[in-house]
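Below are structures written as structure tokens.
Two complexes follow with chain A in common, the first pairing it with chain B and the second with chain C.
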Partner chain A sequence: MIGYVARRLMQLLPVLLTASALIFGMMYAVPGGPVGVLVGENATPEQIEKVTKEFGLDRPVLVQYADWLGRAMTGDLGHSLHSREPVAKLIGERLPATIQLALTATVIGLLLGVPLAVASALTQGSWFDRGLSGWSALALGVPTFWVGILLILLFAVQLRLLPAASGYVPFWDSPWQMLRNTILPASTLGLYVSGIFARFLRGSLIAELNADYVRTARSKGLVESAIVVRHVMRNALLPFVTIVGIMLAGFIGGAVVTEAVFTYPGMGRLVIQAIGSRDYPLIQGCILVILVGYMLINLAVDVLYVYIDPRIDYG
Partner chain B sequence: MSALGSAAEIGKRIVVRKTAALSLAYLVAVALAAAFATTVGFDPLSQNLARMLEGPSRDYLFGTDELGRDILARVVYGARTSLITAAGAVTLAASVGVPMGLVAGFFGGWRDAVLMRIVDLKLALPSILLALALIAVLGRSQVAALTAVGLTGVPTFARVARAQVLSLRRRDFVTAVEAFGASSPYLMFRTILPNSWSPILTQMVVLSSVAILLEASLAFLGVGIPPPTPSWGEMLRTGKEYLYESPTYAILPGLMLTLTILSFDTLGRALSAVLEGREDAPVRRGAGPA
Partner chain C sequence: MPDPVLTIRSLSVTFVGPGGIVPAVRGVDLEVHENEVVGIVGESGSGKSVTALAVAGLLPPSARVTGSIVLAGREVVGAPREALRLMRGQDIGVIFQDPTTTLNPLMPVGSQVVEGELAHGRLRVDEAWPRAVELLREVEIADPAGRAAQYPHQFSGGMRQRAVIAMAMAGRPKLIVADEPTTALDVTVQAQVLALLARRQAATGAAAILISHDLGLVAEVAHRVAVMYGGRIVETGSAHDIFKRPRHPYTAALLKSAPRIEAAEGRLDPIPGQPPTPTDLPAGCSFHPRCAIGAHRPRCRAEEPPFRSVAAHGVACHFAEEVAAPATIDAPAAARRPSVGQGEALLEVEGLKIHFPIKAGLLRRVIRTVRAVDGVSLRIAPGETLGLVGESGCGKTTTGRAIMGLIPVTGGSIRFRGRAIENAGRDVLREARREMQYVFQDPYSSLNPMLAVGDAVAEPLRIHGCYDEMGGARWIARLFEMVGLSPSVAHRQPREFSGGQKQRIGIARALALKPRLLILDEPVASLDVSIQAQIVNLLQDLQRELGLAYLFIAHDLSVVKHMSDRVAVMYLGRIVEQSDKATLYASPLHPYTQALLSAVPAPDPSGRRRRIVLAGEIPNPASPPSGCHFHPRCFRAGPRCAVEPPTFEPQPGSPTLRACHFAGPLEATRGAAGAAS
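Now for the complex of A and B:
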């Protein structure tokens, strides 16, 4: 097992190298580049030269990249061009907020999606089942920012129950305040993934329900509920866990729009801010962290497989 | 069967599906409204500062925005922005992605390895981040929005085309053409590609919905097509600022956007069912920005 994890971690390196090189290259291809951001529009040639020297931007791009990479390995992602604070610190402030939102959203998605999937897989072809496929199309198709706006209109503007803008309150500080602040953005994302979860789980449940072992179980007189819970669910969960992992990983960097709707202080808003102000070290740092997060979650999912499915042995 | 005959046949098989027929009718209506908006006399730009942020009324069916502009007129013009961007982006994605996929699948080896790494990367990075990074490089303009949305769709088409090559490469009709001494480009573009149009077409329709959503998301984040060009995403962005003053502002643009996305999606799924016999179109793996 440890050998497997180590090997998988080694495999991540080439992907990360390619990705970071691409991002680095792209950012430095921009006319003006980081110097332009540092000195402003009305800089004199002397100022430009001074800043270029000071930040080592006159060195070949490859040397700069190697330098950045070497530091990144030790956890030093450089400094923000604007606030001059360490990039690692800025990301460290936002990451917990994003993880908390991603987890809450996934829980809401599961609470909605799993019962719907089970109910519709067991009543294949019924009006309920058809209703569900409409629901998942809707959950996937309705833009999250519109859902978010409608939720704000209902719960903040009309009912005045919840805040329209969500702050980050750590769960351990105040579970109640955390819930008040997170429930709207998390529901927005949760509704969206519930459609994906339901559609996927229904598919794999139906595939399992038609398997031979289910016929065997039925013919030996097992109760239907026992068949579903003890046999079918366990087998159907395997492909489903991958999807849950992918969606959770996607939320680490991909909840950009929802975070913007609720002005939630997560990674997504940090990225937007960084891109908007052309804060290159910050953009690179964010994308690197998002990629690493995505890959680690996928690795965790693969490791989890071993526990759900004893047939799998990575050796 | 002639090409025209089979197209009519496919059309018939799609239209018998009620939701697909409804989606098609809606999209045709939106396209017509967008095309003839000027003729009908909609004016999305004229301001009436005396009547800012009004709710629905006889003069302004869906109210006015923060500059006293007609929201209905802006929504109709927004359809134009959305549809043009989607059409351009999907065309760009297909014309770059399909040849890439054909070449990768046909030759295999390092070309295939490079393509698959790009596809991996695309799966790891949400499209919205990719599009944002591209706009950071290209600057904010209509062309930039179209290019950014289009490029994020390239790996999808590359994958579809690659899968087609892999499944058709060893089929007898391809081997026969090859035996006649046809060149590799001829095999790829004249033999395999014409037999691959159904999954590609399906993907184009499905990706139209993704493209519209992505363009609207970029506009919502304030980096889409620059104002004063009306766009649904931009309207939702400003509408969100005035939720307390004018709660109806954000309703219409959001509704139109949602219906358009759902219609393309439904149509894509119907196409996939009719052309490829697959009832359940593949879920767009995290393709939609959240």
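Now for the complex of A and C:
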């Protein structure tokens, strides 16, 4: 098992190297190159020369890349052009907020999606099942910013129950405040994924309900609820875990719109700000962190399979 | 006589769905007593499995059930769900067909075996594990304590079916329903599982229903037999009577259409047409369009025959008295086709090896090699049929595919018409494939569902750029006629055809390029019994007309015997015995061939033969036993067999080639070995 994880981590290396080279190369693709990025459009030749020397931009590209990569590996992602603060520090402030939001949203998506999927798979073809199909389409089709605004209007403006702008409160500091601040953006995202979750799990459950081993279980005289819980659910969850992992990983970098609507201090907004201000070191750092996060979540999903599927032996 | 365990009266099952109303079972009456095994025989769509599901109360909600099923004194039809649940696993145990899918892959086998008893409250949780071990021991699984904790994928097919039997018998049910319990198993494993099932049934005194398409199997195991056709029982009687003196034209025709291992050769007598689908039953007697007696009689077309008693049988036929007694099977053996097997070889395979590496570890090193084919030599002359027989995993299909150039060859040579084609380039293979074509086992998946069948047949011509040269549409029409289909169906999609018709299309496609050799990979294995005979006859006619050579790959020894001139028996990547058909079947020399032949069930209950039940199952080809691959299962093996692999060489004084240190006729060793049971 440890060997498998080590092997998988080592397989990530080439991916990371390629990705980091692309991210590094991004600086050379922008107009003016890396110097232009640092000094701005209206710089004098003296300024350009000074910056070139200072940042070692006159060295060969490969050396610069190796230098950048070496520092990135020690956690030094350079400094933000905008705030002059270390990129690692800026990301370090936002990443926990994003992870907290992503996890909460996924939990909400599961709490909504799983019962709906089970109920509709068990009543396949009924009005309830058809209603769920409509629900899934609605949850997927309605833009998240609109749902977010509706939620703010209802809970913050009308009912005055929750804050309209959500701050980041670590769960460990105050679970209650954390919930008050996270529940609206997390519900917005959760509602959206619940549609995806319900749709996938329903399909998976229906396939398993028709499996031969379910007929065997019935022939043994098992109670229907025991068949669903003990036999069908676990088998149906196998393909479902992958979907949950992909959605969770997507939230790490992709909750931009929701974060913007709720002015939530997450990675998504940081990336938008960085792009808006052409803060390339910050953009590089964000992309790198999001990429690593994505790969680690997928690895975690694969490792999880060993525990839920005895047929998988990574050895 | 005590009350029967199961009494079925005028049972009808109709499925109501979006596709309309499907009458699957139409008025079945049946009784099963304690200690009695009743066989239900029928082809696909005959209603046999639906009847079984109805007895177990396992029909889907879309089924409308009328009539009465009384099981152990209680009415099943219309019983509340909870009552049905309590009945299952207590009064009735069910054994399903495919042991690879009947067990939950995510739960230890032991837990699944005792789950029913726990659900019925007959077992406390702390008693469950010892009970699971005990049940697995009862079905003769080695190391039951260790095995109980394992998952289904760690079990072999035969062991899984043993576990399913343990599960079905756990509650000591009064009735066991076994629906095709051994169909998915290999012949030698089937023999083991059947014997076990019979022992467990006798030990518990349960009543049993055995459902099968295999007449031989039912003949060997059942006391009474019910033959189903078109949703009805058309004939019932004692197993002996039904097979010796059938009274329904369908039973008689079915018996005549199946190739039999003990019978002399001669043309098979297939039932024309195909089994009716329940949505489209013929009026009157549903068998009349295929019936030799009633096909043209107005009464058979108009009036469904009532079930009546004829000479101690129950028969549903207006003219049962006219059904002739089956001809004795010692018809003169057809003269061996002369010219066959002579002359230059069309295909010559020498020492063929196909090894697949298994890679593992960080650097994907090769840790083991699966020797799927390990030194196979064979030769096929023009116009000749070589049968290649073996159980699953023996490498017979891999051999066939390698000859076609579909799998890279590790070693040895393949020569087609004198030209080496192993690992040959595209052009050489392309040329060879014009004269060598493959017919696949599964006619359902080997045709592209989006392609009209005429285009499918024409595809090889287009690939080789000779569509017009070969005669274009006229040749396609001729091909359809050759395989017994109307050329007018060429524009239809594959889904509009039955399995047998699809296989005909597959054969037409293989014939399109006028090949000299067809590799037939289990061409009839997935077809109904009455259809098998049609395809076998078609293949024989084509061979005679076109002078084709066949490599006939199959597991069914009866069909192989019927089709082949010479036969090669494979075990775990090697040919263990090869001879002309008559010699091989009359006096097999290799112990594996002997066991294989004795394990074939024959539809002749009077001649229940002595059967050699082999121990164990086919080993993993990735780690085959040392020496002779067969020695751990062999009843004749000596110390030498574990060390020294036998050479494949002629048996002195016999035309047979065999690879065995102790090859010899069965009688000579039977007494001494004492392994026959």
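Here is the rule we use: the second predicted complex is superposed on the first by the 303 of 315 C-alpha atoms of A that agree within 3 Å, B and C clash if a C-alpha of one lies under 4 Å from a C-alpha of the other, contacts with A are read in each partner's own complex, and residues count from 1 in each chain.
To be clear about the criterion, contacts are C-beta pairs under 8 Å (C-beta built on N, C-alpha and C of every residue); 3 or more make two chains touch, one makes a residue touch a chain.
This structure is a prediction, so every number in the text was calculated from the model and none was measured.
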item: First, second, both or neither for A:152, with chain B first and chain C second; value: first
item: Partner chain(s) touched by A:203 [first = chain B, second = chain C, both, neither]; value: first
item: Chain B versus chain C as contact partner of A:308, first or second or both or neither; value: second
item: Partner chain in contact with A:1 - chain B first, chain C second, else both or neither; value: neither
item: Touching partner for A:217 - first (chain B), second (chain C), both, neither; value: second
item: Residues on chain A engaged by chain C in the complex (per definition of touch); value: 3, 6-7, 10, 211-213, 215-224, 226, 230-231, 234-235, 308-311, 315
item: Residues of chain A that touch chain B when the two form their complex; value: 15, 18-19, 22-23, 26-27, 29-30, 137-138, 140-146, 149-150, 152-153, 156-158, 164, 189, 192-193, 196, 199-200, 203, 246-247, 250-251, 253-258, 260-261, 271-272, 275-276, 278, 283, 287, 290-291, 294-295
item: Residue numbers on chain B that touch chain A, as the complex places them; value: 117, 120-121, 124-126, 128-129, 132-133, 135-137, 209, 213, 216-217, 220-223, 233, 236, 239-240, 243-244, 247, 250, 254, 257-258, 261-262, 265-266, 269, 280, 283-286, 288-290
item: Chain C to chain A touching residues, read off their complex; value: 56, 58, 85-90, 92-94, 96, 98, 101-107, 112, 115-116, 119-120, 151, 153, 164, 167-168, 170-171, 360, 362
